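You will see two complexes here that share subunit A, one where it goes with subunit B and one where it goes with subunit C.
Now for the complex of A and B:
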């Protein structure tokens, strides 16, 4: 059997809020193979963001283990964790660019942090901007870009650290369907050419359908079902998966009608 | 023709005295503003702490500052300290203490507001990029905080400069005071002097506050 590249075991996380505790994750286990495009789908509040933030320890789980490339992240010291994080790229629904800096500077930024010399980082940034189709926008400021273009900049920026893993938390949720499609195509081509293992978090079945090879269905902090996308789409077993498929079908009908 | 009495300003050293008074006012403002900004930055950071004791302390402090008129504070510090502790505090020091006490509280509240308005996701994406803590504050959090802070603090600074004229109440020879002295001295020869002299005082304040508030407006527009 192939060994997992990302593996979480029995993750639990409880938030204490004013009106009682929220069990965001209840003993979640998953394994993602190298080069997978692994989807995690669930309705809002299912625990998806909590799960993905445990993968680079932005959130510390209450219990459980997180292995990346065989390394137990929870045993790393602060500095080792920081260096490991540089190789785990993450993109968000809101692009979090530096608004006062132009596109080129935004892409150079992670390399500047790593101490890459100016000429080298500019060269690399231009190369990355070309890859995401924005080489003509190098001098523009984020406020002059569309949502899709901003997400492309965020993708170029994250690639500047040469990650081996890319985590996407609702990366296309702020975008319209056509733009979503082009961003997903871009992610797919990055996966194919650079061999990056991806975890795609979404609440939309079409996103999973578009690029994922495997999918886990998350509901109320537990994995309801996990396996190949075709299997779960054709023979959903869990209530949660059936419900998500129903939502997709209703939306498709609405689009047609 | 109506004599507005502007001419009394140019008698002897009157105009120089007025400018001298203005300089004292500006000096009080500048020193207080500087102390307020530094103290406010530290306090603003402490105000975001979850510590309950700190929270209650700063909440009370801010309430006191907002409820008490600055004039009352001035009287308490200037006359009160002499009474109670027997200190011979100069009026200028008393003014600096009161304005700094006030400014630091207001500035602290602005800093607190700016800090908590930075969404958590900003910290997270900085950490996800593998930044060290100092890098995160220096490159991501601080620039955004300062950007929100500058127009607000300029507004506070303008208010502080304007309020300095209150100092007249405890007898600092400061703009309004000088103005009043000039008016009194010329009451007989130039009965309308009050109008002209106060017009000039108004103009002087305007000349100081206007560029500051224009700058505030400009920065606000540029950074919003």
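Now for the complex of A and C:
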């Protein structure tokens, strides 16, 4: 059997809120193989964002373990974690670009963090902008771009550090269906050419369908079902998976109508 | 009344007012900017939450902010004497002005930096940025418009305080206004100084807002 590249064991995370505690994750275990495009799907509040944020420790779990390439992230010191994070890319629903910097500077930013010399930074950034089809926007500011273009900049930025893992936290949720499709195509081609292991968090079945090889269905902080996309789409066992498929079908019907 | 000495006095007053305001604001930022940064980082939800540090700074700022400037001015006179050598004149006024400006600046910087979206900060953390990089590039870089507006407000406030220092011979336009207008009932001179004070505030305000707008790329068309 292949060994897992990303492995989480028994993750739990509880938030204390005003009206009692919220258990975002209840003993979640998952393994993602190298080169997988692994989807995590669930309705809002299912705990999927918390889960992905635990993979680079933006969020620290209350208990459990997070292994990346055999290394337990939770045992790393501050500085080691900081360096490891440079190779774990993340893109976000709201893009999170530096609004006061132009596109080129945004793509250069991760390389600046790593201390890459300015000339090399710019060369590489232009190369990446070409890859995402935005070489003519290098001097533009994020406020001048559309949502899809902003996400492309974020993708160019995340590739600047040549990550071995890419985490996508609802990366297409702020985009319209057509733009979503182009962004997913871009991610797919990046996966195929650069061999990056991807974890994709979404609430939309069509995102999973479009791009993922495996999927885990998350509901109320636990994994309901996990396996190949075709298997779960054709023979959903859990209530949560059935419900998500139903939502997709209704949406498709609405699209047709 | 409008002889040469009077004109020279007014010009010197303008110079001293600029000198006091700019120097105190500068030293105020030397103390207040780090305070604002530490407040932002250590508050809950910041990137290095630390309740003790936050509370301590918070209390220090609240206390110093509640001391009326005129009282602070008199209170710190021994310190002023120690640093400057005398307790009157424009150089001496810089000491209490700086002490009054610093906590105000700390608060203004804190509120500016907290306007920066959590998302961008998180993105930088996820890229493995050092705290130093996050502070300078993300927090200060992204909040620069708001920080500049803050500088403009601080300049206006400090200039107002500097005029108050005129009561104890603080130098500058305020000093002239109080000596002539209050002690000698010379309303003419007082009004002239007032016009200058208003003009200086307007000038600083205009320059600050212009720079802030120029440096803002968030709503470019």
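A few comments on the model shown:
Definition applied: the second predicted complex is superposed on the first by the 257 of 257 C-alpha atoms of A that agree within 3 Å, B and C clash if a C-alpha of one lies under 4 Å from a C-alpha of the other, contacts with A are read in each partner's own complex, and residues count from 1 in each chain.
Basically, a contact is a pair of C-beta atoms (placed from the backbone, for glycine too) under 8 Å apart; a residue touches a chain by one contact, two chains touch by 3 or more.
Keep in mind it's a predicted model, so treat the numbers as computed, not measured.
Steric overlap between subunit B and subunit C is present once the structures are superposed on subunit A. Contacts of A:58 after superposition: both subunit B and subunit C are touched. Applying the stated contact rule after C-alpha superposition, one finds that A:102 touches subunit C and leaves subunit B untouched. Using the contact criterion defined above for the overlaid structures, shared-chain residue A:49 touches neither subunit B nor subunit C, since it reaches no partner. Contact with both subunit B and subunit C is seen for A:110 once the two complexes are overlaid on the shared chain. In the superposition on chain A, the chain among subunit B and subunit C reaching more residues of subunit A is C.
In the superposed model, A:161 makes contact with both subunit B and subunit C. Of the two partner chains, subunit C is the only one touched by A:144; subunit B is not. Within the superposed arrangement, the part of subunit B that overlaps subunit C, taken from 62-70, 134-142 or 188-196, is 134-142. Note: residues 56, 58, 82-86, 88-90, 92, 94, 96, 98, 100, 109-110, 113, 161 of subunit A belong to the subunit B contact set and to the subunit C contact set alike, using the contact criterion stated above.
The part of subunit C that touches subunit A in the complex is made up of residues 117, 119-120, 122-130, 133, 137-138, 141-142, 144-145, 215-221.
Subunit A contributes residues 56, 58, 82-86, 88-90, 92, 94, 96-102, 109-110, 112-114, 141, 143-144, 161, 167 to its touches with subunit C in the complex. Those residues of subunit A lying in contact with subunit B across their complex are 53, 56, 58, 82-86, 88-90, 92, 94, 96, 98, 100, 109-110, 113, 157-158, 161. Every residue of subunit B that touches subunit A in the complex is listed here, in rising order: 121-122, 124-125, 127-132, 135, 139-140, 143, 147.
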